[in-house]
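Have a look at the structure below, then the notes.
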Amino acid sequence: MPSLQTQLESACHSVQHEIGVGKVANYIPALAQVPPGKFGAAIISISGEKASFGDAQEAFSIQSISKLFALTAALNVHNNNIWDRVGREPSGNAFNSIVQLEKENGIPRNPLINAGALVVTDMLLGEQTATDTVTQLLSLVQRLADNESIAIDKTVAESERNTAHRNASLAHFMKSFGNLECTVSDVLDAYCQQCAIAMSCEQLARSALFLANNGTDPLTRQCIVDEERARRLNAMMMLCGHYDASGDFAHRVGLPGKSGVGGGIVAVVPDVGAVAVWSPCLNENGNSHAGTAALEALVRATKWNVF
Amino acid sequence: MPSLQTQLESACHSVQHEIGVGKVANYIPALAQVPPGKFGAAIISISGEKASFGDAQEAFSIQSISKLFALTAALNVHNNNIWDRVGREPSGNAFNSIVQLEKENGIPRNPLINAGALVVTDMLLGEQTATDTVTQLLSLVQRLADNESIAIDKTVAESERNTAHRNASLAHFMKSFGNLECTVSDVLDAYCQQCAIAMSCEQLARSALFLANNGTDPLTRQCIVDEERARRLNAMMMLCGHYDASGDFAHRVGLPGKSGVGGGIVAVVPDVGAVAVWSPCLNENGNSHAGTAALEALVRATKWNVF
Amino acid sequence: MPSLQTQLESACHSVQHEIGVGKVANYIPALAQVPPGKFGAAIISISGEKASFGDAQEAFSIQSISKLFALTAALNVHNNNIWDRVGREPSGNAFNSIVQLEKENGIPRNPLINAGALVVTDMLLGEQTATDTVTQLLSLVQRLADNESIAIDKTVAESERNTAHRNASLAHFMKSFGNLECTVSDVLDAYCQQCAIAMSCEQLARSALFLANNGTDPLTRQCIVDEERARRLNAMMMLCGHYDASGDFAHRVGLPGKSGVGGGIVAVVPDVGAVAVWSPCLNENGNSHAGTAALEALVRATKWNVF
Amino acid sequence: MPSLQTQLESACHSVQHEIGVGKVANYIPALAQVPPGKFGAAIISISGEKASFGDAQEAFSIQSISKLFALTAALNVHNNNIWDRVGREPSGNAFNSIVQLEKENGIPRNPLINAGALVVTDMLLGEQTATDTVTQLLSLVQRLADNESIAIDKTVAESERNTAHRNASLAHFMKSFGNLECTVSDVLDAYCQQCAIAMSCEQLARSALFLANNGTDPLTRQCIVDEERARRLNAMMMLCGHYDASGDFAHRVGLPGKSGVGGGIVAVVPDVGAVAVWSPCLNENGNSHAGTAALEALVRATKWNVF
């Protein structure tokens, strides 16, 4: 069997013509300036074997991938109580749709769309300040990635906060239904900072490794979540991790994964390892075009598909 | 033919058993404290004849009725340009629904629902402060009512501002579509103050008299709007003045009118005069229960129905 | 004051350049073949004075205008019981939308959109055959128009019946909610025939004259509906008569009216008379472009606007 | 490791108190008469090992589980062309919602909700009669289950056909958008028959075994679909197999599965085998209450969860 490195290179080479297809997210200047030709990929196995390709060590804005970490943190504090305030069904709508919220009385469909992630952030805030909350979350991410250098891109965070009208609308809407305990302003402060965490593919793959190993980091032996919760986080990513293109991702890739508008995708291969890809040009559903293609090629070769 | 006073008394007496049916608006304390048994009514004809009944001289919070005055003011400044940013069709939805905004890209259906009124307030703001904007609007209302004592209830305004999450959601949503020029905060400041204008039935009827006389105040001879605009304001009220119960109001009353959750309703009888009623208990659509019944009785007797 | 004929001619001449703007309805061949340059208009006053212009004597397919006659007939049989099965609010949606039906459990918003008209037809059917039902309705129309020659265009009726999938969908949907008593097939048979009634502008204006005279035909002295019902039918047309452009029609014309995709519009001027126009090219909301313009010009000159 | 039979018995015993919780589907008499206390379960492994419990040999109406077989058949004929006419995303709505169809121009979200399954049936029909189409599909099911005695319950089929108004509505709606080639009547005839296929848990588990073995029946060695298609069918079931509770099923069970309102659920354990459960009382989302609980218990013990 070929090495991880060989398999990764082969998959990445096969999709080089897809790089640059689609559009770089342009709703904030800091994201719009990312060169469209960037492409990175990294794998880490539960035995610690690593592979990387291209810009795998360059940090980018993880954006919605942070929803996975925030959900992990919130479950560890509030356990299954969080399901009183957010559902776990696919939304059947765009990531920032508000229609469902009106129909379902301010309860978002799942924690991986914006509305649901805002509720999760509200839970993390509790009595704390936004700064303390984000510091804690960042600390979790650093621990998961086994790397203390991971930081928030302040320029991106500020830029997002200044243009967060759609998220502000979602937050105020839920607040009007009583499904937000903190102030909208604090929730948005924390949320915009968590979205602006910057990580490389290598760091990102490493940070999701516990999900490939029943909740326990296989290299540090730390138990991050219990086995059942790890499976459920994976199930959540499979059904809701790619917004309204989760079905397409399951169809083509067949792995639990979470994407962000920064062009990153992290995917979990249960009992095998974790993979991260990055390429900033997005398809019409807001997911990395070349990144998805790379994962598809990799899974076709490795048969890592869970189905 | 019986005098206006006789007709008004007769109509009001016939609906005394309806007073107290329904619920006083309770989303802010200042409104919730209004005694449910209040009931007032006033008529003024274009010749200056007056009639009044019950609590006709007691000021109450006009709430959404202010949308009529704000629209009048905005049309006088921006003319038909306002129709680029707000529609003029009935909404087919609750007054604070956001579903339509998502479907129609941030353009509210009409200026008499909350989203549309926020856009109108944004237009009135322009380069001004919220305070100046509201002062100007109040000045228009005072001129229309020919009464300089009309004021804003600061307690209501502050209370509304503190709980304005649904309106904040609508405003941020439209801002995200580029349909709000000022800051959301300024728009809400001005909007919450305009809703908190306090007027009596007598003042309210007087303030709408120009709409019964082709746009010209028949008593002061001031031209407020031209004839065509007066007709169009009346048409707007007929189709959209009672939120998602405008059809019911047209069916039962058949006059252009605008209601507010404070329990007030102002109605225009073209070429005859204007009527205002007030009773704080609301039906399920948010319109005064006894007030609507009084108008229905009055119109049945007077045949003032425009149809 | 100029004669009706002079006023009508003047208004029609002023909009000749609007003829041909828009699109002829093309969902069935029989309608698509109507020459786009057709234009007719007719007025009849409650005193019997008549005016006509252009193709005022040429019969065309009245289509949705038949909803007004069917509603009149159903009210005469079932009185206010019909409001248990159909609402009377503007829809805020296209004429054939099904979304609202799902949200509101199979109760259509009003009797002048397709879903509501299908319920009305179901009420008219009762125990009768579709043929008998349509014969009765046609007989009412003949009586209203004082003209026994009015007939159904069988080609149009058959063509509509064969392509009635959207209406079949609405009918089956309501049937699934228990809001249709007869078979879907019978309802569609009757509905497609009633839509295919062919009338000229002169006949159409004549047929609506009772609505300008408190429900009594001013020329034959027959009481068609009582005064209150006449006002309510007018109110219904004002709020819902032009599908999702009723607000625009109220804004521009300000009269109760009902349009059809055949390019006809009938409008009522309370206490004055009735007007019908016909021009087959439709605007984007499915209403006659030149016909609306002609009514707008006529009302501007005559000040017949009810507001 | 305990035998399959021991594991199945243990899981089933642990959920006996859940039997009878929920409601038997009552929209057609033939389904409403099924005794609520029925409960069966069966497993078959890819090596041919079998286990069964309770009413595992009693045939019940598979209802929506037939959508899996119809999709398999359609993919074998039309390959990926079917994705031009039906999506592969979760719906975020009830199984029979029509709202999404209006928004997305008659293209159903996926082939496992009613609208999508009707399109699939339309594809299977092609130039054939409904009878021939159903005979072919039944023949596929017999082959998959390796059992020629499987038949259609004619009483159920007729009963469904007579009350299929909601499905008729969906079908006519799609027909109006041009997304149905055959007549609505033929599509409904075939669809209602396929839903009325009666199978036991043992037969059902057997029929899905190919999906646990990369598309090839492990016992007969017949290739039913290729490996990629098998994975994709599993992915489809994981994301869309339980209507608007697919997220809940993924969360609790974590296997690709398809439920029916007859109370059956079939689930695939990749590389291990297939499981079927049956208990007619449904939860509020229309899925078997006790059946889901049994699968959850079984998977917790066996760790068959794919995540």
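A, B, C and D label the chains in the order they appear, each numbered from 1.
Here is the rule we use: contacts are C-beta pairs under 8 Å (C-beta built on N, C-alpha and C of every residue); 3 or more make two chains touch, one makes a residue touch a chain.
Quick caveat: nothing in here was measured; it's all calculated off a predicted structure.
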Relative to chain D, chain with the most remote C-alpha centre: B
Proportion of interface numbers common to chain A and chain B (over half same, under half different): same
Between chain B and chain C, centroid-to-centroid distance (C-alpha), Å: 32
Distance from the mean Cα position of chain B to that of chain A, given in whole angstrom: 47
Geometric centre distance via CA averages, chain D-chain B, whole Å: 55
Sites on chain A at which at least two other chains make contact: none
Full enumeration of touching chain pairs: A-B, A-D, B-C, C-D
Sites on chain A touched by chain B in the complex: 97-99, 102-103, 165-166, 168-173, 175-176, 184
Complex interface listing, chain A residues touching chain D: 87-93, 100, 109-110, 228, 230-232, 234-236, 238-240, 244-248, 250-251, 254, 256, 268, 270, 300, 305-307
